[in-house]
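One structure below.
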């Protein structure tokens, strides 16, 4: 199995290093890394990792800024990453941490670290033990934050018209 | 007939369980389930269920959060699900329940349950008795809420220039 | 000639009935009808009508709700309908009536009726007499509302650098 | 050379007439005209002009309304026009005039006229003398408005790290 | 190696001249330049440079205006540029400078100049020494502004559930 890691020089934390460490700790896999300037360059980088480097799955990491224009860039990148997946039938796990998700730089770096670790584990599950994802289906998992947890219904089910 | 169920670990309610129960109760069908981390991973999962698991139709379930960024994720996922359908000529019935659609967790879970049940029935209709959908065309059906019902025109029709 | 009619159970008015009546009154054509739950299911339904039912053109009718989320659904559906047209080189005439376009239910139904009638005539023109559309080019046609009409320029034309 | 003209009955000014006059005055070319109801019908019309009528380039003219929903329609149309270009490797020059771009109808018509004239000249340049576009690169050209003109840098260039 | 330069007559600064100078200073490469009216014409121009002019990579430069409609144009262009990359598996480095990014014209021109220089270097790195991009991964690089720099985590990593 080969995992592609697409990341950016724009990001302020080396999430790829974390991802590679976590992936290697969890399984014997090959890694191909591809660094681009910003998140809008990630979709084609991820697609090339899949099609030209024979990666089975890709992690696309980025750290969009807090300004309105940065939010739009992230949206365009995300849409492109979804399109790249549809064109290749391979997963590209987006690991984006928005600069305004944390109150200060240390918390932001910590969040980036934790989210990357959790998504690296998701990647390993997708590759080697997809049943573990199904076991956690609908349980409110959050990557980098405390999990929201599952909720329960009070209503009697199946009685709608 | 084979129905694909794509769902997420992010969701806080196991809508897939409900869907599978309802589908199995309504017809003799095969089920293929595919759990991914979040809604943005659903489009390629649904496409793989169609193309690699030979599903005739897919239900894509998710529970986007209430924040602005979550709304954008849901939009990107929805756009991807539509594109996946256009690339495969197969229906992917989106069953999304937004966290801010209900005032509390129990109501949210109940809504998720009901919407899933009703959409499972839509799936069965699309597969086995499409004429039943046409019978309900233009009647204001709502999944998980009370139906809005049909409206009637007071004007004399067909007289515009 | 064969016209596809894609409509929804979500809509509160049976626009398809109106469309079929108007189309049949105007020309000898075949009709294929395909009802889906909501507007986001319309793009693939329209594409299937074109590719699997050999429709030459499709009318896609829907009645999006007034809430923000409904507006987004309509946007996603519209984008998908445009993509479906580009993938098939066939027209899909979108007949959407937004729930907040009219002050009350009767007016809304009347608007839905009139818009459908006028777009059915557009469909017949596209199929059989496209020169009639060109005769009305730039004349401010509105479907379901009073036409806006043409405007005239006061400036002497053709003199910009 | 053959130029496609895609326009709408929704627009309130016959921009196509202006475009055809200007194109014919500037070069010996064939014209194919295709009128559709509204701007969302333009992308497939333009693609058909390229693929089925062998047009080398297309002008897509429209006059979106001022309301929020009209802005969204224009966005969807523009996105579709870009996609149509990517699918055909041919230019589709969008000539949209928004109803709220001018204070009154006469100014709006004048703006539509001027923008069309200038974009018709752009089309001729793209077809016959692309070097003239490069001569004007970065000079702040505006179609239908006074040109913004070029700006100059005070900084010494090339010294960033 | 051949680098495509797609630029616009709308922009108010000749970013292409800067790009070509910087590229030629850094490596022995061929250049193909393609000027179009505005940013929405860039996606197909870039794709044609890749597919018809055999460019290995493209720089797409533009200077979107400050108005709401210009922001939407830039968004549509950016989405198209990402799609063009996915269709060709080649990078198109977007070099957009928004008119409202600087307080006055001289600063804006200076910003355009610097951003172009830095992205030209990114292009050379992507072509000839991609490892240099990886060396700068996660270090907060900004094109045309002072770099944001890397951030460090205070938390102990790898300890999330």
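Letters A, B, C, D and E name the chains as they come in the text, with residue numbers starting at 1 for each one.
By our rule, a residue touches a chain if its C-beta (ideal position, glycine included) is under 8 Å from a C-beta of that chain, and two chains touch if they have at least 3 such contacts.
As the structure is a prediction and not an experimental result, all values here were calculated from the model.
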Required minimum of steps from chain A to chain D, each step between chains that touch: 2
Inter-copy rotation, chain C to chain E, in degrees (Cα atoms; steps of 5): 145
Whole-Å gap between the CA centroids of chain B and chain E: 39
Mean-CA-position distance for chain E and chain D (Å): 24
Residues within chain D bordering two or more other chains: 79, 83
Touching residues on chain B, where the partner in the complex is chain C: 71, 75, 78-79, 81-83, 85-86, 89-94, 98, 119, 122, 126, 130, 133-134, 136-143, 148-155, 157-158, 160-161
Chain E residues within the chain D interface of the complex: 7-18, 21-22, 33-37, 40-41, 43-45, 47-48, 51-52, 63, 69, 72-73, 76-77, 79-80, 83-84, 87, 105-110, 112-114, 117-118, 144, 147
